[in-house]
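Please find one structure pasted underneath; my questions will follow.
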């Protein structure tokens, strides 16, 4: 950690900070610059010492040197993590494709979608049974009934099930049916929920919150990893910016960035990331080119009749075309999809 | 709702949308413009019809006319809501001042802070017992022990207690000790938690998520109101933007905007909203001038020793000065503080 | 245009707006909804009428139906525009690759870079002679001397020259040497400069400002087109968001979005869009996959010695690898690069 | 400057960076931490050395310690700068009020507005003669004719004139008529224009660009100061964020922040900062409470008929009420308005 003193900081203030750094169990190293004094604190741990030092009198800024996450860090584990959950494999050169409707609505809807996406090459089925909706007046999902329909679709197609869990109390129920537990963007910092899925033996798809930094995303993963569950896929699904022509802004540079910082696989969601069906195929292909280990796509047999997210869902033929495009890009880059 | 067709939309596509609008129980009204056709859908309800229509073939855009929230809306209740929770009154011309440390740490710390903020004019005591922390390695709060210390401080000073609840399972416990249940920014869209506090008889302080729109904030309030709890204070605590010189960007225009749209009182948090002690007094005064019904401020007897948020906490003398400034502004504007 | 009245708008206010709409030469069409009245204004022109109506008493909102740009619009010209400027062809299935240093520094530097990027497949050379720098104390470019060095590099390699112009007064000089005039992000709304390049016969590369909306970008292009210059390439180079791990956030969905809205070709700049060399190759490939008609990349023989932007420049061997990656993606998608 | 090496950086890479730092004329000081090595570079100058070092092999990050602006810095000049331009005084405890229409439209319009705002207490008149408009099809201003009308209004009322200059070539003309030259948000980084106004003897009102950082704003001011013109007022007018309920987000914390960093006075523009008339009075009062040295407000006798910005203009009676509110807040805080 580097403690930068203000230009007019007194010698007493510098000495005070040196003592505080030593009290925290670190070694202090004072560097007197031409205009300012800085103190290097050696032996930094990855916790809240920064906060503590930043409030010192005469301190202009505290610059941490170490990233605050550990288990997720590429510094700790060099080789990329590959996650296998039933039919779904993600990471280390294998690209997973998770496809299906926003919400499970009917047996006919989920089964026909499962068959179609399987035929087109999807390796897992998505579908929401518990839906976190912005408005209390919107459709909230079929709950356990939806989970049963998903299990039925797995039975028939062999596709692994990826479905969201929105409450700590529901974790055992959802884990009974799902192969992968999805933590939605709104719950990325619902720490009790992260701890609960961290205690299961299910893989977790952790979606980035729309205003989460990379560090916050990795620390959220750390909550799960820290409970003993190593199978966390990170999911970039777009951030909130001033842009209004897309539902969210999809910042694909987070894919190579995360590969640089963590060994965990990275999945991209171009459906939520753009919010418009017509933008999804190109952005799916771009995700693969950026190095994504997986994509998750909303597909609905009749988007117009969807109870949620119809405007960003692909029809089954559109999904086929998208898969074809993605497959060609993956092959060109020597990846398996 | 206004359904805007694409320029090249066919007559069939327009007729199809008319039928779909009628199927949804609305009246369709076609307006043929010079360049485009639009269809007004009359009888709009405040739910997810927009999503459903937006995926129609030939549809360029769907523009909703009604806000999706109801109970929170000023259209439904004209007069401002005043909330009374123990010593704390907020709204309708009365400004509440909630002050205290980020976290409850020790008996000595919370009691001395309570006494000091009471003496300076605070009308409620804040303090976290359950702390949602970005890193799993940071201090997570004293839990029930912290709640007991808060109750002890109320016993002595008479100040109402405002404290955060982070998990549905903890709601009964926290409600036993607290006068006001705080929903933190990270949990603004944790809908199960909103429903749980909506079922209690405690007032709720609902913090805006750092990337939440006004509509999402009001819909989150609607989740609580919809369970029968009318005592919701909205709290502006800053948003995520490109600005890095403050911890968050504090957009005070949300105060008059919310007063225009809702009857619920609006509290501002200049401590989290700026993230730097030296910016807090001016922004507290500005909050009052913008029309805030309350402010919530972090105060710590020894910020340097705080286990969290020391860099944005006022000392007790700084809090006194801030109160003095705020009181003068409030009086100049004919408000009671 | 749709004028949405407030819920409590009086009949007089509605009638007043009808008269105002008619005064503007439009037809007014009143639609009385269950809760609100809206007025459709038919015959909308693409100008500032919205502003004028929005200030009417009782008006809640005015929703324009037509995009405000004309000449740039895909509604006006269906087939994509292909721009040829010397060795550079961009658009309609042909991908251009513009590569070179941030600034022209020395003859040796620009010539060796030109040779290397040409050998690796670049179709144009970039290099700044007039540099807009955030700080007045930074290197401001070699000016005309730099232009001469660029011309020398063209002489030798045959590569078209893309270089920035920062002032109206410099347009004739820069146009004398350059094949493509670049308008930098900081000048995207410097309208006098846009008009000046619109009066030349040089192609223009118009960079998106870091907080410009798509509509603002297309209206800036419209300033150039409107002066009679049809050869405008739009350039996505990243936007300002809360993300700090990249220099800007590169929102690739703007590529398919722009292709939907305009016939003008779209170039992507992954160097500025990420700000870190190690992120550039993947994001260049992703740009191609997203459908970009061109990419512009910073390449420097010795990034460590660059007078600007070294941290985001590729070395010549890194550029070769990037080209290889991009070429494979382009071929997989049936494009020529 | 602190050069942070990557965890796996080799001894050779560290030694290489030490030599590079020394080549730049600085002293290098190596600190070996538990996990990483950092090198302090002592003798830092405020220029582009950071860029140069950041591209070194094995370098993870370079953290500058000094702010890159000099003349604008409070470290260089402690006491606040007061600017006097005709009837307008801004700074050091005196609050200026600049009011008037967005655009000068007619003699009657500008004269009646000038009289009304003068009567209500404004100390300067604003009005655009050269208008930078997003669309080339919008009203572009009356140009010199508008300047003459402004001079006529000054003649009659004695109010100083604040008006925008959009092109370097127009600077002498506008300076002939204006007391204060306004640089609009779109031109904040039009460096040739900044240099041109820096060569005049007119005060300058420099508006913050909608995505400019504080550092970029201060460096833009530095371009003007550096040419010898010391009379620069900074103007906060709102930033681009994800918020759509206001035209821009007005981050008032920039007022106390700037007072901490610079001696230059800070003016706030609540009209552009909110974009809605009904939000302006509260935000004007909040600006004063936050410590603004001045406010600039759009006032129009008949906003409905305004050729631009009617939706955010106050009527004359609304301006009077706003002035009354601001005056009360200013007096409560011991300021002169």
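Before moving on, here are some points about what is shown:
Order as written gives the chain letters A, B, C and D; numbering starts at 1 within each chain.
Here, a residue touches a chain if its C-beta (ideal position, glycine included) is under 8 Å from a C-beta of that chain, and two chains touch if they have at least 3 such contacts.
Just so we're clear, the structure is a prediction, and the values are computed from it rather than from any experiment.
Any chain bridging chain A and chain B, meaning touching each of them, is among C, D; the list is complete. The chain with its CA mean position farthest from that of chain B is C. Averaged Cα coordinates give chain C a centre that lies 26 Å from the centre of chain D.
In terms of their C-alpha centroids, the spacing between chain A and chain D amounts to 38 Å. Chain geometry summary: the mean Cα position of chain A and that of chain C are 30 Å apart. The residues of chain A that reach two or more other chains are 211, 239-242, 244, listed in rising order.
Those residues of chain A that touch chain D in the shared complex are 2, 4, 7, 29, 31-36, 38, 40, 42-44, 63, 65-66, 75, 240-242, 244.
On chain A, the positions that touch chain B within their shared complex are 20, 46-48, 51-52, 54-57, 68-70, 132-139, 166-169, 186-187, 189-192, 209-211, 215-216, 219, 222-223, 226, 239-240, 277, 303-311, 313. Across the complex, chain A meets chain C through its residues 211, 213-214, 239, 241-246, 249-257, 260, 273-274, 278-279, 282-283, 285-291, 325, 328-329, 331-333.
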